[in-house]
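The same subunit A turns up in both complexes below, where it pairs with subunit B and then with subunit C.
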Partner chain A sequence: MSEKTFGLLLIAPAMLFIAVIVAWPLAETIRLSFMEAGLGGEEYVGLANYQDLLESRKFNDTIWRTFYWMFLSVTLKLILGLIGATLLNAAVPGRALFRVLVMPPWVIPIAIGCIGWLWLYNGYFGVLSGTMMSLGITDGPFEFLAHKRSAFYSAIVTDVWVGVPMVTLFFLAAMQGVNRDLYEAAWVDGAGRWYRFRRITIPQIMPVIVSMALLSAIWTFNSFEIIWILTEGGPRSATTTLIVDTYKTAIGNYKFGEGSARAVIIVVLLGLFSLLYLFFLGKVNKYYGAK
Partner chain B sequence: MMDRYTKLQIVGIYAALAVFLTFILLPFFEMFMASLRPLEHLFRSPYQFWSDDFSFQAYSDMWETVPLLGRYIFNSVFIATAVTAMTMIFVIPAAYAYARLDFPFKSASLGVFLGVNMFTGAVLLIPLYRVLRTLGMLNTYWAMIIPGVAFLIPTGIWLLRSYLEKIPRELEEAAFVDGASRLYTLRRVVLPLAVPGLIVVGVAVFIGAYAQQFLFAITFNQQRELQPLPAGLYEFIGYQDVTWNQMMAAALVGVLPVMLIFLFLQKYLVAGLTAGAVKE
Partner chain C sequence: MATLDLCNISKSFGAAQVLHDISLAIEDKEFVVFVGPSGCGKSTLLRIIAGLEEATEGQIVIGGEDVSAAHPVDRGISMVFQSYALYPHLSVFENIAFPLRVQKMPMPELTERVQKAADILQLTDKLQLKPGQLSGGQRQRVAIGRSIVRNPKVFLFDEPLSNLDAALRGDMRVELSQLHSDLDATMVYVTHDQVEAMTMADRIVVLNAGKVEQFGTPLELYHHPKTKFVASFIGQPNMNLIPATVQGTDGNGVTVEMEGGTRLTLPVDTTGVAKGDSVEVGIRPENVTLGGAALDVAVNVVERLGGLSITYGKLAGGTRFCASLPGNAAVAQGGAITLGVDPADCHVFDARGDVLRRTAAPELVS
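And then the complex of A and B:
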């Protein structure tokens, strides 16, 4: 058997599987997005679904909300991840234990973690509201998930909580991979810690920072369970991102056509992200001389 | 010398670590505390941080309140195990091909796999629902296993490929020279050498499979006895009188299997996952 045939044979099963479970449904989604489809049947309506969406102010709000959600969450994940990785990289006793303690949010099912947060955000028996009351910040119980603004930011905090361990882990690994000679040379020249961090650590791990920024962006954009369990997109759509909107339209209201149009828009946006990602990654790698 | 800290710096590092870890572990701590409080105490107002009536009662009561709890935990472990096994069957040959062989459409097809990583099942639910219905898989374990496998294959290929690339080629070449077939070499030379890598990828896939059960379960499965833990517990939140202390106890017990696996293998897992982040 030639190498070519053998190679193709080896990837064939996985390819076939992806074709049936991902590619075909994707094609179906695109087809359905041109249909008025529900439980009753399908009818071709051309671009009407897209037209409705583009003209809808509500959908416009959803898009902006999604990007705001993504931007804020990713920024926080990166900053916290960088701080966390720096702390875990410090040569202090006990760091092996601390490194393990950071991981649980990533290890457990997201849905279970969210049940914990649901409890924390509760106005009557959650510790957050309890602390605020005993400190005198609020008079009565504060329901974090019942108000538009606080629900949105609470959902972001939970999303950051879920995402930070992975980001921290990758930053830490990258920091450990930086050649120690660089630090020692700088140290001999009298460079302080902050200077070494800024001028050696950050540039050296920049490719990983960029990778994580864009991967986190994709994950955050797609984040569904957190919002669904905490608020189901409410109150009054305050936490409805594109993915939640798509789910509500298609699965909640059986509007398959309109849901599919939303799904296609998500796929297109994610595709643009990925192109941006590859573009930036190439640039960064070139700039910082990575392989 | 360079790594020596002053006392003040050490205090600062520990203080910052304490804040960071508090954020990470707070939900777990609260879940645990809630599970210890008797139900009537949970709703006591104003909020009390400490009370003297803590007990482990919820941990025995929960099996009666949530009669299917044991089943949910079993389902979670079973589905995750099945997903992992199936994923590995698809991943191993493909990862080997990408690590070692040269064939047409190599980078294009790898791009397709990685592209799958970009979106989640939430985007494809409607057609996926129809595909599963056509295959007669709705409301069976398959409805949760099959989509799970599809979305873990790309990660698996990616991780295993970078591991296989590190195994020296000479061993395979030696086997070829001795007249071994390609398949024989893969089975008898490469796979045994790749066992540590297979474990890392397997555990990563298992954790992923354990974590992603919620969406597919609530959408494709209506049968309560087949529900995995996250979906099973989620159902209870909607009820009028949620026995929160038991919910929390159940949630904590339910994540024990995956936490234990993680604790035992975390060292290898972390090294394997982040291999790509470290320059060689």
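And then the complex of A and C:
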């Protein structure tokens, strides 16, 4: 057996796996996006599905809502992750315990966590509504997930709650990798805590910040379970992002063609994110001196 | 520049005491090297001077001012780290300018100071590069540049050459000595390399297990080591230590019988020793001559260095012995040689490891 054949044999299982799990569904999705497909059968309609989407004001709103959701959630995750990592990296007693305590939102199944949040947001039994009433902020029960604006921001809070621990731990790992001598040298030179954070910590962990920003953006863009468990995209589409819209169209309404067109648009957008990620990561690594 | 006085410095980490009551008076413009084996406390002592560690007891006095409780920046010191501690994301210019940026120094003055430091360190054409683009020696110079721009009273160096290869280390030793003479600065330098200590220092502090074994000029330490530890730490190759028994004392010194039966009368102060005491005779490898009749050595290994033949062997009693002989010495692995030694070159250490003062030692070169 030649070396080339042996090599091909070795990668064959992985190639087969990718073909079945990724390539074939992707190709099938692209094919379906040109069809009017439902439970009754398929009919070729060309670019009609895409045309409908681009002309639809509702879809336009969904795209903007998705980006707003992603921007807000990622920004909060990064800021809170940075604050959390800084606190966990500080030489305080019991920090090992705090490092463990930060894990649960990430470790426990999302469905379980979301059910907890459902109770928190409940108007009649939830602790948030109860606290607001007892503080006199609201006159009566406030159902967080029943109003458009509060449902949207509540879903973001839950998404941030789930996402922050991982960002925190990545930032913490990056901070712990910064050479301690750099801080001591700066301290001897008279640099204060904030100055050291701004001029040493942030630049030193910048490659990780960029990685987490872009990866977190992709994951948040694709975030489905949290929204679906909390609101199913409602009320009145207030929390319907692209991924939820795709699911509702294709699986909820059996419009496989239109759903596939949405899925293809998601693939294109995420592809662009991935390219941006690689581009920025290369730039940042070069600028900040990473090997 | 300024004097540096350490007064009764002690340091403990929990129950472990790592520095024991250290007092040193370092003079203005002096180059003092702390030397000792790993874990002897030399870096900890330097970090206490810098203000990176707090002494459990004692005072640090710089230029007559007690700075024990002062922030590092207010002590008038600057420090060069073993790892260089350069900021990889900043250019050479910004690395050198870092302490001045912290001080919010106006740009014209900042640029002038950085340029001056770069001139001294021959970094003028490297100012726009990042540390990753520099060689080890150049990085070291950038780290020194960052120290220079602050015009400190005392420069502190924590093993700054240990990351360089042997050839570059030799070059940098010369550069640092030159820098010391150019800046006319008080410098404290930590190393575990006794060659660095001997070649660069005005005075050397030998530390062992958190205590000062001896503080003196390099030649004082070489010719008049106070303890067996200093004697064996200073000098390359290490001093040979041969077990011996005191046979008697008189006005000429102490007569000992060394392992193998050789008797020598050594010109040392005999206070505190008596016939029958166990002592050790210290003989430096470079103080023996081939063809004498004092020591019989069975040769195990010969290292030919060209100018020298470093010869390793064993005495009759099994004690290891090293001799530094001329490059063309007629010695061979597996052979036997007899070596001669001038009694005036020998050191004698009592059972506690303290030296019996030599009475016929050579004059020290100033």
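Just so it is clear, the second predicted complex is superposed on the first by the 280 of 291 C-alpha atoms of A that agree within 3 Å, B and C clash if a C-alpha of one lies under 4 Å from a C-alpha of the other, contacts with A are read in each partner's own complex, and residues count from 1 in each chain.
The rule is simple: a residue touches a chain if its C-beta (ideal position, glycine included) is under 8 Å from a C-beta of that chain, and two chains touch if they have at least 3 such contacts.
Being a predicted model, the structure only gives us computed values, none of them experimental.
Engineer: Report clash or fit for the pair subunit B and subunit C bound to subunit A in the combined superposed model.
Structural biologist: Aligned on subunit A, subunit C fits beside subunit B.
Engineer: Which holds for A:238: it touches subunit B only (first), subunit C only (second), both, or neither?
Structural biologist: neither
Engineer: If you stack the two complexes on chain A, which partner ends up touching A:134: first (subunit B), second (subunit C), both, or neither?
Structural biologist: first
Engineer: Between subunit B and subunit C, whom does A:145 touch in the aligned arrangement: first, second, both, or neither?
Structural biologist: Touch status of A:145: no partner.
Engineer: Residues of subunit A touched: more by subunit B or subunit C?
Structural biologist: Counting contacted residues of subunit A, the larger count belongs to B.
Engineer: Would you sort A:187 into first (subunit B), second (subunit C), both or neither based on which partner it touches?
Structural biologist: both
Engineer: Applying the document's definition of touch, where does A:161 land relative to subunit B and subunit C: first, second, both, or neither?
Structural biologist: First partner only, subunit B.
Engineer: Looking at A:208, would you say it contacts subunit B, subunit C, both, or neither? Reply first, second, both or neither.
Structural biologist: first
Engineer: Students often get this wrong, so check: with C-alpha centres, what angle lies at subunit A between subunit B and subunit C, to the nearest 10 degrees?
Structural biologist: If I round to tens, I get 80 degrees.
Engineer: So in the superposed three-chain picture, is A:74 touching just subunit B, just subunit C, both, or none of them (first/second/both/neither)?
Structural biologist: Touch status of A:74: no partner.
Engineer: After overlaying the two complexes, what is the shortest C-alpha distance between subunit B and subunit C, in Å?
Structural biologist: For subunit B and subunit C in the superposition, the minimum C-alpha gap reads 5 Å.
Engineer: Both subunit B and subunit C touch subunit A; at which residues?
Structural biologist: Shared contact residues on subunit A: 184, 187, 290-291.
Engineer: Using the touch definition up top, name the residues of subunit A that touch subunit B in the complex.
Structural biologist: By the definition above, subunit A touches subunit B via 1, 3-11, 13-15, 17-18, 20-22, 24-26, 28-29, 32, 80, 83-84, 87-88, 90-92, 98-113, 115-120, 124-127, 129-131, 133-134, 141, 161, 164-165, 169-170, 172-174, 176-177, 183-184, 187, 208, 211, 218, 222, 224-225, 229, 243, 246-247, 250-251, 256, 259-260, 263, 266-267, 270-271, 273-274, 290-291.
Engineer: In the complex, go through subunit B and note every residue touching subunit A.
Structural biologist: 2-3, 5, 10, 13-14, 16-17, 20-21, 23-28, 30-31, 34, 42-49, 76, 89-91, 93-94, 96-98, 101-106, 109, 112-113, 115-120, 122-128, 130-131, 146-147, 149-151, 153-154, 157, 181-182, 207, 210-215, 219, 229-231, 233-234, 237, 244, 247-248, 251, 254-255, 258-259, 262-263, 266, 270, 273-274, 277-279
Engineer: List the residues on subunit C that touch subunit A in their complex, please.
Structural biologist: 50-52, 71-73, 77-79, 81-85, 87-90, 98-99, 102-103, 130-132, 146, 150
Engineer: Any idea which subunit A residues touch subunit C in the complex?
Structural biologist: Against subunit C, the touching part of subunit A is residues 179, 181-182, 184-191, 195, 199-200, 203-204, 206, 287-291.
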